[in-house]
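Read from first to last, the chains carry the letters A, B, C and D; within each, the first residue is number 1.
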């Protein structure tokens, strides 16, 4: 998890690689990523997913810098010796060859019958912030709180219905006003980014205080809990976890105190 | 597959049952189905899916009758002795308790992390015709034609990425101008409804001529092929197949001539 | 479920068909079934599985008739219009081309890496009674009793680890001395055969008394429970259920009283 | 992959850990591993699998040292921060509480109906060399050779029908007399141990000559091919690959020259 900044006028040449990459847009409006020929505008709160081996390049046409969190499974892919990369033939962003929302339609509606078998590479896709927020608010009232995590939502993969991608789960979590969660620990590490609100998290022996736009990390098997620092306002945390790998390999373990 | 007609002012009391039900709207605008508390407007070309055991009831507020194709797996469910049904406490349509597009957002975005395990019942959902048409046109040019079926698309299940529902596959198929497909046969029966265009299909010894709004049936293991009767215009067929059952049970077989 | 009898000297010409067939041997020793070239001896208590589309033919070389229960999903396959059958070129049992226990080794050990993908047809296989009995006795003591079924074991598919075959679950069930189970009902029908002991089962309004070699049927959604009639001896019931179909289609429902 | 040696009279206290461990016995007869209460004798060619979190301890009762290859996914488990370990209460091998072949029967026959859901930990199991050899010889004649690997067999998991364990695939490979395979490369690393015969493998720029009991390693993405050095005798290689992880994460890639 790293912040990246794209200055006005800057471009990133299109390329593709075996690591899967996600971007959570933090600030700035007016840059886009061209993903497999579709120009996807990046606005604060959007999550863009560049699946393993899909073409992507970016440009900033705005007057201001655009900042995002870059989320990758590159370290795992390197560990497994599976890193491969390819650059777009020209030193430029791939031209736009597909209409707006092409991948959204592909993910949610009719689909060529023979095109999707389980080993196929996934197309790129994105979650617009206004949809995320709306879906979250639809569910918020009716959900029972998890004792350890408040209300925890996952960005589900629109092509498979499963985890966001096979190696990472993107999540968004709400701590209700005044809420304090219980201590637990589990295999799988989590990186958090504060979208809204302020509060603190206990991680092992540490007390981490956080507010909007902060990031913090909870290593595997560390005891942790969260506290919303406000009595009136909700807090909202975006996070990335490697739990899908632990699930796939039979290594997920969890214990409460 | 049966046509159903709802007259202006008519309502159908909410109920739920173990058979899964789909509706492909053929004519009329202004009726709705309330599915698990969400009012879903029914417009021509829309496909509504009432999953196994989800509440649904309908009312027609328009000035004209609304007609749809009713598609169910009731005969299979009866065969298996698994038919169950329940009526809504009042003799009325269930009240609207959820905002517009609630289930669409649930199906395509963030989702409560613990809510979706493989044995859960699926929520209801719908495919709006304008989205279907757009997704289809996105793909049409780039798709290779199937020699037996022209260009064949499936309405994929937004919660699982698989077949439309576990017992039925809803499909939409385009025959390009002048296109004639090759003879083949397979296990699994298919019911067709002509959405656009005219042409003919050979089914066993029969030659079936069809035009807009006709329906025809291809029984399991009958040799069949299709012909678009126009040299200038595409033909479009909506269909329902029981292939998901044959796949699940290892009984799908196909042969070309 | 039907009893079949093969007289001394009789043969059944080899053939294959899309229905899957199981045989639970009831009486007689010395007949065999040749399955895909392997001669499998049939002894009381053995369960032979002729998977969908595998060659099989039989002969009785013994001095006595051999009797088995014939268990098929033919009615479902017919319902789906997927029945196909083929006869062996000669009017005879297929010659033995494979060594003894060929399919057992294939199912439990090393396997050609590229040979087993999920859509492949399954090879035939068998469960010898002495192994079944031994595995059952290994587990009997440590198992918690199911309140509705005593101790219930499934013949698991050695190639997939799942239900016996995709359409049928073969089970063996032990009622401990004096045990009476609670009333419950579920979708899915079950056919029972008494292997050992005597007792009774309540099925709807009926009280069915049974003893060794009896068969009885519990239709879908009928309330039922079982009672071992002996205070000293266990009772053992073999059964076949269509639950795998109900699971695959999301139609399994169960309720206790 | 490391050789381990257990001297006569030595014992290893029982313990369990999240890494999965396999042992391929190379030399010596008379030691055993007690796995979840079953004493499993270790003989040359046997493969023992101690699944994630299953108890195991060993002792050598023979007059000679016993040597095996120790195969673990510990480095991956450490990388993921999921390492956990527990020791048996006494400083000893866990007592034998289960009959011989208990786990073999559990894996191949009847099984408690409610005991096996997909997230359960797997029991330990073993493949006896004489069964492996026999299964391999059953298949050898009828198999088409893979152009890159000769005849390649996998030790399939008896509980799931899939890869040996979720993180490792154990394989055995036969190069026919005089056979030379074609160059290819793929993601996923492989460790080889020569069971029988002699020959050579090209790995990148290196030519590796090997004979019985040698080990060699092929890193991810290195071009490689194999050659049986004898015109009369087959060569047989045991190997371990991390391909199941690459498959699960969508990262398997292969290319031939």
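Assorted remarks:
Everything below uses one rule, namely that a contact is a pair of C-beta atoms (placed from the backbone, for glycine too) under 8 Å apart; a residue touches a chain by one contact, two chains touch by 3 or more.
Everything numeric here is computed off the predicted structure, so don't read it as measured data.
The chains in contact with chain A as well as with chain D do not exist; no chain meets both.
Simply put, chain B must spin 180° to overlay its Cα atoms on chain C, rounded in steps of 5.
Two copies of one chain, chain C and chain D, touch each other, and the residues they use overlap strongly: the shared fraction of interface numbers exceeds half. When every chain is reduced to the mean of its CA atoms, the largest separation from chain C belongs to A.
Centres computed as Cα averages put chain B at a distance of 37 Å from chain C.
Separating the CA-averaged centres of chain C and chain D is a span of 33 Å. Inter-chain centre distance (chain A to chain C, centres taken as mean C-alpha positions): 49 Å.
Residue numbers of chain B whose C-beta contacts span two or more other chains: none are found. Of all residues in chain D, those touching chain C in their complex are 98-99, 102, 104-114, 116, 127, 131-132, 134-136, 138-139, 143, 146, 151-162, 171-172. Residue ranges of chain B in contact with chain C, taken from their complex: 18, 52, 76-77, 79-82, 84, 119, 121-122, 166-167, 187-189, 219-221, 242, 245-246, 248-251, 253.
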